[in-house]
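Each chain gets a letter, A, B and C, in the order it is written, and its residues are counted from 1.
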Amino acid sequence: MAAGRTASAPTPLARTGGAPRGVVGESAPRPDGTLKVTGEFAYSSDLWHEDMLWGVTLRSPHAHAAIRSIDTAPALALPGVYAVMTHADLPAETHYGLEIRDQPVLAKDRVRYHGEPVAIVAADHPETARRAAALIVVEYEELPLVVDEATATAPDAPLLHPGRRDRHAAHVPHPNIVHRQPVRRGDVAAARARADVVVRRTYEVGMQDQAFLGPESGLAVPAEDGGVDLYIATQWLHIDRDQLAPVLGLPADKVRLTLSGVGGAFGAREDLSMQAHACLLALRTGKPVKIVYNRYESFFGHVHRHPAKLSYEHGATRDGTLLYVQCRIVLDGGAYASSSPAVVGNAASLSVGPYVVENVDAEAIALYSNNPPCGAMRGFGAVQACFAYEAQMDAVAAELGLDPVEFRQRNAMSQGATMPTGQLVDSPAPVAELLRRVKALPMPPERAWETAGGAVDVRALPGGLSNTTHGEAVVRGVGYAVGIKNVGFSEGFDDYSTARIRLEVIGGEPVALVHTAMAEVGQGGVTVHTQIARTELGVGRVTLHPADTRVGSAGSTSASRQTYMTGGAVKHTCEAVREEVLRRGRARHGAGHPAWAAPDRLRLADGKVVTDGGEVIGDLAEILGDEPIDLEREFRHRPTEPFDLRTGQGSGHVQYSFCAHRAVVEVDTELGLVKVVELAAAQDVGKAINPLSVVGQIQGGSAQGLGLAVMEEIVVSADGAKVRNPSFTDYLIPTVLDTPTMPVEVLELADDHAPYGLRGVGEAPTLSSTPAVVAAIRAATGRPLKRVPVRPEHLTDT
Amino acid sequence: MDFLRPAGWEEALAAKAEHPTGVPIAGGTDVMVEINFDHRRPEYLLDLNHVPELAEWEVTDRTVRLGAGVPYTRVIEELRTELPGLALAARTVGSPQIRNRGTVGGNLGAASPAGDAHPALLAAGAEVEVASVRGTRLIPVEEFFTGVKRNALEPDELIRAVHIRRADGPQQFSKVGTRNAMVIAVCAFAIALHPRTRTVRTGIGSAAPTPVRAREAEEFLGAALAEGGLWEGGAPLDPSIARRFAELCAGACRPIDDVRGSAAYRRHAVGVMARRTLGWVWEAYREDEGRTAQCA
Amino acid sequence: MRVNITVNGRPYAADDVWEGESLLYVLRERLGLPGSKNACEQGECGSCTVRLDGVPVCACLVAAGQAEGREVLTVEGLADHARRRSSATAEAAEAAGPGAPGAVRPGESEAAGAVRRGAAEAGRPGESVPLAPVQRAFIDAGAVQCGFCTPGLLVAADELLERNPDPSDADIREALSGNLCRCTGYEKILDAVRLAAARTAGEAV
């Protein structure tokens, strides 16, 4: 057996150096860019270790069944098999979960969804492990299914988690409801009586998959101290560790996690997948164990975006003032809680969108069902709501005979507005301006498929290379949407991040080493950290330490929070380091120059201590000498409050982020095929720490929203709650021929509460892109389109 | 599993005769997916990449004898004049990478109702040359597909080539998928005008258990063109003829509901594609007065 | 079974290959060349794109045995490939070869891999590591986020520019339509390919 690269010996991710460049506000290149383009960057699936075994998971073929027996003997008898484990072999805690520990590490006597892990195998070759797993005999007895709200709350509904004692159990109306959050403000009944126009509609959002490209994978290496080292692709190292340690029966310090290369995340790596299984097999066999899901298994290996049914009623006056919104959002959380409670909180609190609405009666719930577990995905509860409220805004505008953009602008929130939760929006909220900007962009040329020679370029038409139209029945439509997303963890969660900075002289030059546990999943947080360290410490060379659990938690790479939070932690710690530099400088040279007495007016630049007048008064390398400064600090955003369980009132969110889209589509109205011609976005980012990355986030998020609009859905069979399309053959994500030109307008209106005034970027573009595309399809076809993804059947009545 | 690497056609036939359960693999674009996802564990893999004859083709007066191992990319680049319908279909197969490996022979071997080449072969008119150590036979492509992913091959037989009629008139191919590239057909339609024989042929993909021709539609259109003297006159088609043709094509479908599309949509879409592609080929025929033509 | 393949100009032999293994598995797990990625293993994403005798293919759909005796180019060899392409005529480049000293046992490639990785880290990104024009352009244009699609895209884009040094946007889109990216929305990838084309044209003038 041959070689890959070993996981041991953490090596610096990258170094940058030379003249100070790549400070905050510049499009500094990714420090991992060279490794990524040469194929040298080690993703979790690339890891290799001497003597390593391959782990494989046996999963349930049923969505709901009792397990009568499991016989592992035939699997164990296969040569090359080192271990087979079931629930009976678990050494300690048997369940895990992000908030509610309701998910079995391996199913005990019951499976609750199609694909639930039942047994795990370690063998010397993946094929041996697969053959062994196939030899395990599991006797199931199928149970009745819970698949929607009606079956979940029926009088004789089977309870998914009987005897649950989590913190939501006491206030939910039914034990098959994970969490319920109302938001009540004003007087909807009175407002309804005053409304000139009322629009009531129901909407549906299909189950979207994150479809990151790098499947779940990792390598667990048993350590001599009885602990385990796990090299893993995840979004949050510390919460993985905190769930793993009890399952492994080990103290936290013996479960050491190091981040390996992560091939995208988008929420799908927030829950554990193969982490516990690999560690259990490694500890059982005493050998390193690698698990790599293939694409099929990946569809069962992580949570998806909650599918939702949304009922909305909007009322407005003739002059275009929105009077009230009443809505109910039912999210299907599937078999286990995952992050459903927080998704419910988002859906409820953001349910009316970025508009001023005095009277609100909203409710969001998440169900327990036998459908696949759902949890975090980019946009997190706000995506589903945005699809519905933006469709409503168009419908109300149409009823009023108003331009849809103008109607939105008339009701748009701005700084100083109050959310339906009672929270004051105390930083810029340029909703009307964002809409104005996307509307003002020039329109893409018409009939782009007509070539100079009079021929047709099908690549510019709906259907593309499939050659379905040469222009017949192709109608253009334009649609707009805008959305609101919270940034950071909400509802009173103690959300913090940690950074350790070591400043020392290497080769006569001051060098900063930045050590955080932030999961770089592709978003470019590592780039931002080098920029912040250069900016704050005035050094040219910044080295990034690999992310691991030897430093304090960075929190999750989710909720658009990492630049704010871990960027904030790097900044905060750099400031402490700078303070120490100045203290040392003052001690040594204070007598020589009066400026040392006013450290607030000193900064570090180009390796020097510089006054605000630009005078150099000290040399960083000289001040440091051979005594490095090494500090670790935590950074917290402003505290938030939980939402009241009856009224939803409370300042529950940290920061809001806004994005608007204009979509131009061309629809083959006879075949129901859609070509998105252009998808323009405008977003306020507070401060673009790295403008190139900001635009990349906006375009990437927009493309995922486009996917939800026209093609992406995990189809679960209604009769068996089984996933019908767990492959990239039938779960389609946009190709480069489906994704249009995406002009981006970036606004930078500082949020004074945030580091550098920045605003989380990653999620907002995923919200409004979907309703903008669907609005454009409505405009082209005149159809109501209340469900995404829009399918050709919906456009052709078939 | 054993991996067999015959170095020539006779050796391949001998290997297949000796191991009739052996699975031939050429481009691997179907077989390897099944192996990677544990859907298939053949006892023998029979690699046809080293059989040089399979990668060649011969063009004669009336036909192209297309070796079973010719990748789609070469059909697109080098045979678009002789086989315009197949070249159009080939361009819709998977991705560039897939087209560089996938072959018409492999498409026939897999015999998926969604195989992109099939409708084009049905419309052009083709015979599948299959062989074993017992000898060679030609199977009309209409008779080759016997069920969902089943074909007329005997266990000891391999596909040697496809004999496809050279285009003597305009041909078109159209396929519906829910993505603008790299998509499996929800349904597909091919049409070929054959001015020499004054006939029209069609092929429908992914809308019945096997690829099928819409024979009633072909006969209707053939009769309508003949009665109206349209082959000679080259007059525009009456919209009612195109409509009726489309209805008959839709009627030839026996589709199912599945994760890729509803039966009703498939029937509808086949009708739309039939009407449009008929319009395109007839316009091309009129413009070129029956000379071999092609469109975008 | 034993499989002999020339990868990036170096001959390799892999032993005990299971007959159902793909070329991708052999590259990644047996030859220490994990640059080609395993995102879907069904030919639907292009992350494993390599060139087999010069032709872009999905390595996941090539049976290991089918690669016997053939030449494979992976992302790990792209910079070298581009350098040889630009510095010499095609014939000369082929004749010269990389000067590989005969068969390399799989075990040796680990060391080679480790050395390369170390060198890349120690260097200053973009300054000391030789890169193909498309590789440099992907970094400069912001076409890399998580990077999992990047190796396959680079191999496909490099081959496109080799065939067609001045592709239209539609040509780029068609050539890359077999390579999925989930992070970027493709805009920066298009920018990168345009940039690489423009730079290469600039150099040629």
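Just so we're on the same page, a residue touches a chain if its C-beta (ideal position, glycine included) is under 8 Å from a C-beta of that chain, and two chains touch if they have at least 3 such contacts.
Bear in mind the structure is a predicted one, so any value in this text is a computation, not a measurement.
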item	value
Innermost chain by mean C-alpha position	A
Chain at maximum distance from chain B, centres defined as averaged CA atoms	A
Centroid spacing, where centroids are CA-atom means, of chain A and chain C in whole angstrom	30
Centroid spacing, where centroids are CA-atom means, of chain B and chain C in whole angstrom	33
Computed distance of Cα centres, chain B from chain A, in Å	43
Of all residues in chain C, the ones touching two or more other chains	18, 20, 41-42, 44, 174, 177-179
Shared-contact residues (touching 2 or more other chains) in chain A	294, 457, 459, 465, 727, 729, 735-737
Where chain B touches two or more other chains, by residue	36-37, 180-182
Touching residues (chain side chain B, partner chain A) in the complex	36-38, 88, 91-92, 172-184, 186, 259-262, 264-265, 267-269, 272-273, 276, 279-280, 295-296
Residue ranges of chain B in contact with chain C within the complex	1-3, 5, 25, 27-29, 31-33, 35-37, 41, 45, 47, 49, 94-98, 100-101, 180-182
Residues of chain A that touch chain C when the two form their complex	1-6, 11-18, 27, 29-43, 45-46, 48, 125, 127, 210-215, 261-266, 292, 294-295, 457, 459-460, 465, 521-524, 692-693, 695-696, 699-704, 727-729, 733, 735-737, 739, 741-742
Residues of chain C defined as touching chain A within the complex	14, 16, 18, 20, 28-42, 44-45, 47, 74-76, 78-79, 105-111, 113-114, 116-118, 120-127, 129, 131, 135-136, 138-140, 142, 144-151, 154, 170, 172-174, 176-190
In the complex with chain B, residue positions of chain A that touch it	130, 134, 294, 296, 455-459, 462-470, 472, 670-673, 675, 710-711, 715, 724-725, 727, 729-730, 732, 734-738, 791-793, 796, 798
